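Chain IDs A, B, C and D follow the sequence of writing; residue 1 opens each chain.
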Amino acid sequence: MGKAKIRIPFFETSIKCYIYGDEVLKIAKAADAASVRHDVDVLFIAPYVDIRRIRESCPHLIILAPYMDTLRPGRGMADILPEALKEAGAQGVVINHCERPMTLSAIKKTIDRANELDMLSFVCADTIEEARAVAQMNPDIINPESSELIGSGQASDMSYVMEAIKAVKDINPGILVEQAAGITTAQQIYDFIMAGSEAAGSASGLLNSADPLALLDEMVSYVKKAREDLIKSGRLSI
Amino acid sequence: MGKAKIRIPFFETSIKCYIYGDEVLKIAKAADAASVRHDVDVLFIAPYVDIRRIRESCPHLIILAPYMDTLRPGRGMADILPEALKEAGAQGVVINHCERPMTLSAIKKTIDRANELDMLSFVCADTIEEARAVAQMNPDIINPESSELIGSGQASDMSYVMEAIKAVKDINPGILVEQAAGITTAQQIYDFIMAGSEAAGSASGLLNSADPLALLDEMVSYVKKAREDLIKSGRLSI
Amino acid sequence: MGKAKIRIPFFETSIKCYIYGDEVLKIAKAADAASVRHDVDVLFIAPYVDIRRIRESCPHLIILAPYMDTLRPGRGMADILPEALKEAGAQGVVINHCERPMTLSAIKKTIDRANELDMLSFVCADTIEEARAVAQMNPDIINPESSELIGSGQASDMSYVMEAIKAVKDINPGILVEQAAGITTAQQIYDFIMAGSEAAGSASGLLNSADPLALLDEMVSYVKKAREDLIKSGRLSI
Amino acid sequence: MGKAKIRIPFFETSIKCYIYGDEVLKIAKAADAASVRHDVDVLFIAPYVDIRRIRESCPHLIILAPYMDTLRPGRGMADILPEALKEAGAQGVVINHCERPMTLSAIKKTIDRANELDMLSFVCADTIEEARAVAQMNPDIINPESSELIGSGQASDMSYVMEAIKAVKDINPGILVEQAAGITTAQQIYDFIMAGSEAAGSASGLLNSADPLALLDEMVSYVKKAREDLIKSGRLSI
């Protein structure tokens, strides 16, 4: 069957633990609708308890789990079994988020398990050097962003972004690079993509805004706008 | 609203990570049916991804999550938010399972969070001394069993069981005590309850048996049988 | 040979990671001298690298390691082997400090290992309930203090102290109780002991003072003063 | 002052937790004597409690700590303060040993702290991919060996060794590569160095041998022999 195909540029969002229950579903449905409306792929990182429900209601989202263990079916109370995530509808997994840091060895094993199950691996890295290190393990997506910026409302500066993209691409040009730390406006989404990121995302910036649903739609529309401008300028072919 | 009321003696089961997906739902439905058939309360420890689905299909089960964090709504990628568990249908939480050992301080905080949300606290303890320690924090249920026996197919010996029950009850007679390690037969379920446990349970013993669904029903029926014999002998009043 | 005998009331101090190298030895020698001068037992929690050197220079201190693992001689890179600590001169070990929280099971195993090697177990607890839980495992000393106060310069209030002492003594009157969080003056040392603590201590309060060596001597002298007043009032017999 | 200079090829050994106390010093002195006798640099990974004593008795050894934290002087009970290690005599630190796995972010921060204090960084990696990842963070030494082999008495096969060396050198030829997993004979020491490793080492293989002191001397002598053969063949210049 293979992994979910992602069309670039794409948008990514996550509710982390800011909201729960029906509020999560509401945001997920809005993300799904924006994905359809603007014909842009949207990655949605969903809490474990909501993965199945979002899968059933939001057919266009590419759903990621926020973490997984690498055990195989067997004993293991409270472990996150990869097969169970996939069966519930997850198409990928976040690895090494700064709020869930992982050992080097666990990062490697989780990428391997994701590949085995045709799940996308989305690996976070805190510095340029860590982004380079992660690139050596060939995940599908790298999210190189300083943990100090996450949830801060302050985004990476553009020189950092350009350097991070180059660092990853020099090692493996096939790895997609996303920027998300501290993004609060649709214009930033556009700017980061125009600077060379295959994707941009927002979590706290979106949820803490005055009108999250409207901003979500606007952000996705700016991904579309960036895509059109990349095509016009010949930097992206259809 | 208050916590879920548990009628004693009760049965507890868990699929841990042995199975996933529709297989989990099948076991849950069988547990729900056995609960109705024998009029016995059944605690079902469900993987996070399955809690909501089991809640919707199995109205009689008392559903427990296998673990939770104690954060409050906010940032926290991959954390298990108590409010999200409760909203999805969990009525309680397992704390300090030997496959997910917790710090003393986290055990205390998780019991507090469970109380705050009217969720049952089900705390595991590896030795008699640890059972006594846990009893001082007044959880709803204590599961005192040697981690060496869990998943082994070998149950606690009866003198250990009696001592563990006495240790807990001497500190707080209101705490329910359950035995589950290494139980593989319905007769053991009956014996542990007749020895003074308010509950008995089985996970790997059940799932690794020749006919899990039949054994599950038999085990629940033996809880009923124990209840009737306890009533007859005047040790339990209706 | 048996565990080190502690005469009550006693004083405890620790340099944590505030200083290192010869500065540690200087404080240790001052503590040793104060112990002799005032005929008061002093527990000194020493970094691993300094235990042997302090042992050689400070014969009167009762030296504790800040943590230990429970492995037995064998493989284990970077683990803290109990036998190695003891051989280097440690006579006891701190367990479950809030800056090194431990699982309930590890607390129990570490107390057991300390007993096996005739090492004193000094267990920290963050709340009254946790102090009660720890008391069930019968360590030699319990240090019940809110982690929020540690390093804050603000001490526990007296009602908390009295309640903590009573909570521990109700379970096992043989366990010694110490207060140390946020203590910055010799008068507090005196007051906590007069309130019923067998010991009082200070780490950051001492090291951050204008003249640590003078304050250290004064604090130890106030332990002596408290001892004399306890004897005079008939609350302590010689 | 700068980092300790290491002359290649070199030998590395560690007692892990197999022995303690005076037995450690005996091995360290034998390693120091062998270093002088064969004019070969020897890295000795010492337990924290023994670092200072070994430093005082063994002037020729290059002493490494088995792990360190990255905190700066301040609060932190039981943390391993880098400055304290260095002051006690450690000239470097082992990072990410499979018995002390570290997060990617902690690996990076520890390499940075080691550089800041002119301490050698010796980083372990469990697979070729992880060795490549670590190489991106430019430590001084990489020890790429499968955790399954460590302590097993079975060494890496030569094709793995050659591939691991090439993987690291392709990224940064200045990083030294050592092989140590499962080495039990002096001949293996010679072979791994002749295959291109800058170093070889042995811990359990040495300590579990019939005559550890004799084998230690023999292993160091085989490093010398390999050095001479590398010089003769023109692969190493003096």
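Quick notes on this structure:
As a convention for this text, a contact is a pair of C-beta atoms (placed from the backbone, for glycine too) under 8 Å apart; a residue touches a chain by one contact, two chains touch by 3 or more.
Everything quoted here is computed from the prediction, not taken from an experiment.
Least step count on the touch graph, chain A to chain C: 2. A count of C-beta contacts for the chain pairs A-D and C-D puts C-D on top. More than half of the residue-numbered contact pairs at A-B reappear in one of the options A-D, C-D or B-C, namely C-D. Copies chain B and chain C of the same chain sequence form an interface built mainly from equivalent positions, shared numbers / all numbers used being over half.
Measuring from the averaged C-alpha position of chain B to that of chain D gives a distance of 48 Å.
Chain centres here are Cα averages; for chain A and chain D they lie 39 Å apart. Remark: chain C and chain D have CA centroids separated by 36 Å (rounded to whole angstrom).
Listed for chain B are residues 98, each touching two or more other chains.
Chains touching one another form the pairs A-B, A-D, B-C, C-D.
Residues of chain D that touch chain A in their complex: 96, 98, 101-108, 125-127, 129-130, 132-138, 147, 171. On chain A, the positions that touch chain B within their shared complex are 14, 16-22, 24, 45, 47-53, 66-67, 71, 73-81, 83-85, 87-88, 94, 97-100, 150-151, 204.
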